[in-house]
Amino acid sequence: MDAIILQILNGLDKGSAYALIALGLTLIFGTLGVVNFAHGALFMIGAFCAVTLSKLLTLSHTVIDETRTDFLGNPLKVEVPYVYDVFGQATGDAIIDWAVPLSILFAIPVMILIGVVMERGLIKHFYKRPHADQILVTFGLAIVLQEIIKYYYGANPIPTPAPAAFVGSFDFGALIGFEPGQIIYPYWRLVYFAFAAVIIAAVFAFLQFTTFGMVVRAGMADRETVGLLGINIDKRFTIMFGLAAAVAGLAGVMYTPINSPNYHMGMDFLVLSFVVVVVGGMGSLPGAVLAGFLLGILESFASMREVIAIIPGINQVIIYLVAIIILLTRPRGLMGRKGVMED
Amino acid sequence: MGLLEVKDVNKRFGGLQALGNVNLSVAENTCHAIIGPNGAGKSTLLNCLVGKLIPDTGSVMFDGQSVLGRTPFEINQMGISRVFQTPEIFGDLTVMENMLIPCFAKRDGSFALHGIRSVMSEGELRDHAEQMLDDVNMLDKRNMHSASMSRGDKRRLEMAMCLVQNPKLLLLDEPTAGMARADTNNTIDLLKEIKEKRNITIAIIEHDMHVVFSLAERITVLAQGTPLVEDTPENIKGHPKVKEAYLGEAA
Amino acid sequence: MFGLDKKDASLLLIVAVLVAFAPFLLNPFPEGSAMAQFNAGYPDLMQRFVIFGIFAIGFNILFGLTGYLSFGHAAFLGVGSYAAVWMFKLLSMNVLPAIILAVITAGIFALIIGYVSLRRSGIYFSILTLAFAQMSFALAYSVLTPITGGETGLQLALDDPRIFGSATTADGNIPVPGLFGLEMRDSMELALGGWVFTFNFGYYFCAIIMLVAFYLSIRIFRSPFGMMLRAVKSNQQRLNYTGLNPRPYTLAAFVISGMYAGLAGGLMASMDPLAGAERMFWTASGEVVLMTILGGVGTLIGPVLGAGMIKYMENIISKINSDILHGWFAFLPDGLEDLVVTMIYPFIGKGWHLTLGIVFMLVVIFLPGGLVEGGQRLARLMGRKKAEQPKSAKTEPAE
């Protein structure tokens, strides 16, 4: 029992990331009808927003501390981050410590901007082109984006730690009445899951309860008719693209403490996220979220030693295997709508 | 026993009874029109004949064999060719290639690996295709990119693609929809000519009464998924039930 | 000639001539000159040109004709490589059985994957092929280690049986792949003035196979089968109602193109007898997509051009470093020199992928027909200028 709960928990953080990326992919696909292969790159850029902010915050200048000396007897040179100058040392340290969560504020405008520029500058011209062309051009864009990041940040993963308060693990098992030491779970993964849940809830609430969301949903169902009503859908869809980019970016920001970001993390996640979208059903938002968590948890179950002992290698292929079975038995995915991408 | 026998066909979409106990018999070598107001189930019926839809109950026999459960290409191989409401042709291919594909289908069946022999070496099939193109006055367009042709030409090409297979039954789905009067008359003449030249049975769905009465030898009127009357054009013209179906109770 | 019409025959002839004289053509700069680093006429790279050419030609038979975009084609390349290396281990170092087995294994593999994947079309097909390839990669990397060598890859060893050949050479080394006594790595060098040209047996072996593969692809394009495949791309509904079953046609195309990939994989192993799982990774599948699109999808020569261009960029542009750049722009005033070098630097050396990505995007956006269409447009532009009759110049739809 405790092993099962542990695996479910382990699946949650990956599942959250899949769900968030797949949500954005589906949003873009459902509204704009575009298959966006550069969506993983947006996730990656989000992660690098966090890297950038923590680098910016630790930018420092050298100050000579007359009261102390180094081992040669000269006055000690100390690196003082600029944030100390503005906020003082205590607050400055706290700000640096909280760089990753703070990056959320930084990443939202950046990601929306990138999303909007991407849509207006490139994707817009591909609405009428075949899906293969959309895949190809966004695939090219993904390469370009990841190479730009690689140029500026190098090819190695950059560790970006969580705030000290969330470093380490806690005994989740003890909380729900198991023997202590059975289910140890890192704090940050729980934070990530909670964060993902909030974002997903926010997106759904936005689509459900605002007029804007209503129009977008109507547009997802029948673009032409809504266009005929004299509503400027294109503009709304641009905003949706920005929103989807922001969701992917935030997923990336918060993922940095779990996995040190590198330039190809986006592509690694993208391939799986596409599988998630297809399993959930192209164009179905609840499907994307459901499939994201389902596959994340399934993957972590398949990694259990007991399971691997029975079917070696199953942890490596479980997601693809599920995708193949689902595609062949339920072509529209778990919750797909009729008539979406059925040429 | 007609070439095409539809017996007690029912088809439901959710709560909508699209077809209710449809019976239809198309005799060999006739032109049989199926008319009816919008939503009468004409297209549904047609789709049941060509394997796109499978009726819930009932039977569809063609030439003594059931078509139910067969795929569209199998049904075509049995001898039914279909012309669509909006012309369906191979837009990326030339007119001649468009013509050759049905020729190959007729000669070699639904799948054949021809090795790596060139298309150009198929002299007999090419002659056959050119003959057909000549019949529909399109020989001069044989090397044209078919997507760049006018809609009327596309329609004629599609018709030629169906006819070159020498089908036993030709299904026409509103062949003159959206055509100018002159084009419509050309199509009527073309179909009449085809009818005279070849031993062919035609089933036609049409809105345009001018077309229907120029071509049809038998007419079935469908309304709300059920056949109202089946009769000769002369008898249909003044039939009160038909008027009612088209114009509503008030008429 | 060989059942080709005049235009196709001359195309084949041109390619044959280019391939035959590649050791000269790719080495235009004398040894030791500043431009010598742009020489691509060394055996290793020339082999890769033609091998990836074969891969791309095969991919084009599927994507170019039927429009089915496979994102998992590298799986067949990898399977071919493994099969070939196993033949070297078990049978002998002769490349013929290795290549034949590579093609057959890849074909069977493609038949299975294709049979399942082709039940869906569009984006679903792409994802299915991607999923299969990633699965093969993951398995080859982990569980199948006894067959694939896992992380280290599959290598030859001294104690391999090689029942029809010798397990070791006279001096106790692992033998090298060859064809009835001729070794693939045999080379002949020809020094002419400042130039050195290398003629490598392995290259010419691959080149001849590539020409045969190219010839076959022309014949497929011109055959009724090729026409059916284009019909599949154009209008599947019409094809169905014309009495033709699209499924076996696309499956046949998928298998043929998988066999081409297997052939390429077998040749790769024949040039350098090892095989690793990374050959099946999805980026490798992406690469062949890039090659085909870049060169011109659906055209005959396009994929070969695209493969050549990408392999050239990968090997040559990636070697340029900032010192070399500084050398080139040394004639500029200092400040300007630095500026120019800084501006170009991100696009060369390790950044060549960036250049590749940008070129690829530009091609997809502006030149859907790839380099071939670019060439045609250029030719038309020139032709128009020559004719000086703007009225008679008609733009015809590109084929």
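Each chain gets a letter, A, B and C, in the order it is written, and its residues are counted from 1.
The definition used in the following text is that a residue touches a chain if its C-beta (ideal position, glycine included) is under 8 Å from a C-beta of that chain, and two chains touch if they have at least 3 such contacts.
Every value quoted in this text rests on a predicted model; they were computed, and no experiment measured them.
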Q | Centre-most chain [mean C-alpha coordinates] | A | C
Q: Could you pull out the chain whose C-alpha mean position is farthest off from that of chain B?
A: A
Q) Quick one: chain A and chain B, Cα centre-to-centre, how many Å? A) 53
Q) How many Å are there between the centre of chain B and the centre of chain C, using C-alpha atoms for each centre? A) 46
**Q.** Between chain C and chain A, distance of the C-alpha-averaged centres to the nearest whole Å
**A.** 35
Q. At which residue positions does chain C touch at least two other chains?
A. none
(Q) Among all residues of chain A, which ones touch two or more of the remaining chains? (A) none
Q) Which part of chain A faces chain C closely enough to touch in the complex? A) 35, 122, 125, 130-133, 135-137, 139-144, 147-148, 150-151, 267, 271, 274-275, 278, 282, 312-313, 316-317, 320-321, 323-324, 327-328, 331, 341, 343
Q) Where on chain C is chain A touching in the complex? A) 67, 69, 116, 119-124, 126-128, 130-132, 134-135, 138-139, 141-144, 282-283, 286, 289, 293, 346, 350-351, 353-354, 356-358, 360-361, 364-365, 368
Q | For the chain C and chain B complex, residues of the former touching the latter | A | 3-5, 216, 219-220, 222-228, 230-231, 233-235, 237-245, 248-249, 252, 397
**Q.** Residues of chain B touching chain C in the complex
**A.** 50, 71-73, 76-77, 81-82, 84, 88-93, 97, 100-102, 104-106, 109-122, 145, 148, 161, 165
